[in-house]
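Naming follows writing order (A, B, C and D), and every chain is counted from residue 1.
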Amino acid sequence: MKYITLFISMLLLWLLLTFNLHSANIIIGVIVSLIVTLLFGHSFLTNWKLFYNPVRYLWAVVYLIVFIWECVKANFDVAYRVLSPRMPIKPGIVKVKCSLKTDIAKTFLANSITMTPGTITVDVISDCLYVHWIYVSSRDPKVYNKRIVGRFEKLLKKVFE
Amino acid sequence: MIVLYIIVPLSAAFLTVIFGKWLPTLGKYLLNAALLFLTGLTLYLIIAGPEALIYRVGGFADVADVPIAIFLVIDGFTKILLLIVSLVGLLVAFYSVSYTKQYTGEEKFYALFSLMLAGMYGVIIAGDIFNLYVFLEIASIASYALVSFGIEKHQLEATFKYQVLGGVSSLIILTGIGFLYWGTGTLNLADIATQLPDHNIYNLFVSVLLIGGFGLKAAMFPFHSWLPDAHSSAPSPISAMLSGVLIKAVGIYVIIRLFFNVFALNYQIAVAITVLGTMSMIIGVLLAVGQWDFKRLLAYHSISQMGYVVLGVGIGMLLLTTGKDEKIAALAISGGLFHLINHSLFKGLLFLNAGSVEYRTGTRDLRKMGGLAKKMPVTAGSSFVASMSISGIPPFNGFFSKVIIIIAAVQAGFYWLALFAVLVSVITLASFTKVLKYGFSGKIHSQHEKIKEVPFSMSFSMTLLAVLCLVTSLLILPGVRQVFLTPAVDVLIETVQYSGTVVGL
Amino acid sequence: MKKNENYNQETTKGMTIVVKKICQFMAPVIFLFGIYITFHGHLTPGGGFTGGVIMASAFILQILSNGSILERLRSEKWRLELTESIAIFCFLTLAVLGLVLTAYSVFFANFLDRGTFGQLVSGGIIPIGNIIIGVEVCAAISSIFIALLIFKDEEDEEESR
Amino acid sequence: MILFILCFILFMIGLYGVLIQRNLIKIIIGIAIMEYSVLFFLILIGYVEGGTVPIISEGFEQALFVDPLPQAMVLTAIVIGLATKALMLSVAIRLYKKYGSFDIREMKSLKG
């Protein structure tokens, strides 16, 4: 089944890339997608069911909006820290525990954290994320867990789990 | 028909790799068969007549008198080179049948060998300078891999040196090609000759770049440092190919072709080529005298003998530029080309001899050999023939070619060059007397008591090459020379004729 | 590439889970893009070499992220070399076909219908040549990469012994 | 003109690397730099002032194109360079295994 998922997504991508609907183009697209499926199907995601749930796509849009908003906020924050003459930075690496279970969700969480300015995910080891933070505002795990992970976690759970 | 020279070796190479896993011996027979076929084809072409064959790849016709197709050209001069490559290649390939049994991954050896041959054929028949460069790189890359085939310390080191200098020379050649395209707007050799601007400094600059690049590939005097390492470290059949054929096909051939047929003959360039030839002749032999490593000695002699070829051609070029007697020029050039043929035969043979000795005794140091003549009569006999031939003793072929060059030099009034040629020949004789004395005569070493003659395929190739060393003396006869050498010399003497026959302008 | 379920398992080899998961997503997409570049070589910039390099990068990405096992690398290298040789032999055959099939018998003759300008299926043998070169370059670059990797792995093996 | 001079300087930097450096990998990098400078030079030769991409498409038949031939040459040269450098690197790795060092001064099995 995951092969079929990969096949369909590749065919859609091919049609997007070429952007015409001649019969020759579609036939070539099918062949190409088949080749890609045969070569890469075995290593594709195992939880292919995600692709067929329209609710998840909606949540993904919501997540995207939230992510962009957080990103803008963090941008201003970092800009303030960089530009202000006193340089109010306090860098450090914190170990954040996340409640997400699947690998794909963790991956997206780590990527979101990295893409927001000010925080970078250094490594993911089982349930914990090691995050480099430009201003370690608190030493309390509960507080910083909420500050770093909390804003994305719930939404990601809805999208991926 | 011309494309067969590229198709056949290339398909041999790829088929060898495809079936190598299941049929490891396929490569041997495929390569030998391919070379046998190509040798026959070349002989047929030579006998058929001196006309030039021209081929447009892809069938693109000329647009408004501008040749846009890739040209493949076979004329008299090309045929000689094709014959050398095929003949020496065939014998070396047959020799390798037994020799490569000591290596693992034999099929890769034959695949690379075929690839190198394809590159050399391509360089020889390419009619435009960029394809020439591409084929030159194919041949070079295959030869880099072949030199390091045994992956021993000295082989890898020699390969690295060879690769660095080869890479630099390729880049110099590419720069030269760029300038050539800038000035003429075309890459076709024949078209370049007609389009070349009448601007002396530009011509000189491009010439210097190209002489530098191809001189490095041909290991002419100031650029010779890589040759002794690479040629002596490679597996012996490859040494024979590199020394016997590769440096001629990718170095000397291109230099001669470019400066006779493409660039207008130029006095400064002619002087430079003659001087380079003389210098490499003298320096090569002086460096060779002190060597005790059999193959290293041979490698230094290669530099020296290539000097003879360049000297002969250079004298012809000088005479043509100064407008003196064209007959003497023709004599000098034919001497040079004759020596080119001879050198590939006897130097190939000598390297095969060295390989045989190494195959049985495991050493290349002349001081550790001795008395091998009794145990290995074929090897000893053929190396006697080759040594006499390289040092110019009648009735072997080396004598006649050297005599022609010397006579031409004397007739043209270059007495000093003639004297140098004679002196170098004498030193060569001394050097090879040493080889024969230490290597093959005298008392046998105790650890070599049990050695035998080499296997059939090796001894057969060596015998055939030794016979060829005698037979090619016949090229001195006018009737034979008419068929083999005269068309080539004509192509070079009639300098502007080349572009006329190829492009039809 | 050999079908092997090991790609999906969390092994200690290779990089962190983030890289692995993203690679599972992106490798097919990269490969498809390489095929797109190759197929459109006669219409847009690009062609066999460019597309082949992109395709090879998909394989290289997978090997890098998932870690390598010496035995599998060896078998894969052999397979890639075989693919490469077959592809280049096909190219030679294509060139020779022009010699055989056309009336004027020319090496590299364009013996197929040229089609209409700007279409995906046009240009005679040029797209076919592009595809073959794409396969060849992909296999060649992957095998160069794997060969260099084998050097390193052999060294590690010797050290651990 | 300034581009040609820069190109020449790049070539010289590469040559410096090849001649002066003692590390095998650095020598290979030097060769690579030289190669890129030559490729850059070839591209510059084909450049036409104000020229566009040499792709014929509808509406652009009469445009002023840059010369596509040097670009084809450069592509071929890149492929050749790839093969050469891959081979050089593998030889360098083999040498490293034999000598345990990338230093060219320690490789002395060929003398005389």
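Throughout what follows, a contact is a pair of C-beta atoms (placed from the backbone, for glycine too) under 8 Å apart; a residue touches a chain by one contact, two chains touch by 3 or more.
Predicted model only: the values in this text are computed from it and were never measured.
Colleague: How many hops, at fewest, get you from subunit A to subunit B via touching chains?
Modeller: The distance in steps between these two chains is 2.
Colleague: When the contacting C-beta pairs are counted for B-D and for C-D, which pair yields the higher total?
Modeller: B-D
Colleague: Using mean CA coordinates as chain centres, what's the gap between subunit B and subunit D in Å?
Modeller: From the centre of subunit B to the centre of subunit D is 28 Å.
Colleague: How many angstrom between the C-alpha centroids of subunit D and subunit C?
Modeller: One centre to the other, that is 23 Å.
Colleague: Centroid of subunit A to centroid of subunit D, CA atoms only: how many Å?
Modeller: 39
Colleague: Find the geometric centre of each of subunit B and subunit C from their Cα atoms only, then give the gap between the two centres in Å, rounded to an integer.
Modeller: Subunit B and subunit C have C-alpha centres separated by 37 Å.
Colleague: Which residues of subunit D are in contact with two or more other chains?
Modeller: If we look for residues of subunit D contacting two or more partner chains, we find 94.
Colleague: For subunit A, jot down the residues that touch at least 2 other chains.
Modeller: Within subunit A, no residue contacts more than one other chain.
Colleague: Please categorise the chain-chain contact pattern as a line, ring, star, complete graph or other.
Modeller: Here the contact pattern is something else, fitting no line, ring, star or complete shape.
Colleague: Enumerate the contact residues on subunit A facing subunit C in the complex.
Modeller: Against subunit C, subunit A makes touches at 6, 10, 13-14, 17-18, 22, 24-25, 28, 32-33, 35-37, 39-40, 42-46, 103-104, 106-107, 110-111, 121, 123-124.
Colleague: Looking at the complex, which residues from subunit C come into contact with subunit D?
Modeller: 44-45, 49, 118, 141, 144, 147-148, 151, 155
Colleague: Provide the residue numbers of subunit C that touch subunit B in the complex, in ascending order.
Modeller: 78, 81-82, 85-86, 88-89, 92, 95-96, 98-99, 102, 104, 106-110
Colleague: Which part of subunit B faces subunit D closely enough to touch in the complex?
Modeller: So the residues of subunit B touching subunit D come out as 130, 134, 137, 141, 144-145, 148, 151, 153-154, 156-161, 163-164, 167-168, 170-171, 174-175, 177-178, 181-182, 187, 229, 233, 291, 293, 296.
Colleague: Given the complex with subunit A, which residues does subunit C contribute to the contact?
Modeller: Counting only subunit C, the residues touching subunit A are 1, 3-5, 7-8, 10, 16-18, 20-22, 24-25, 27-29, 31-33, 35-36, 39-40, 58, 62, 66, 119-121.
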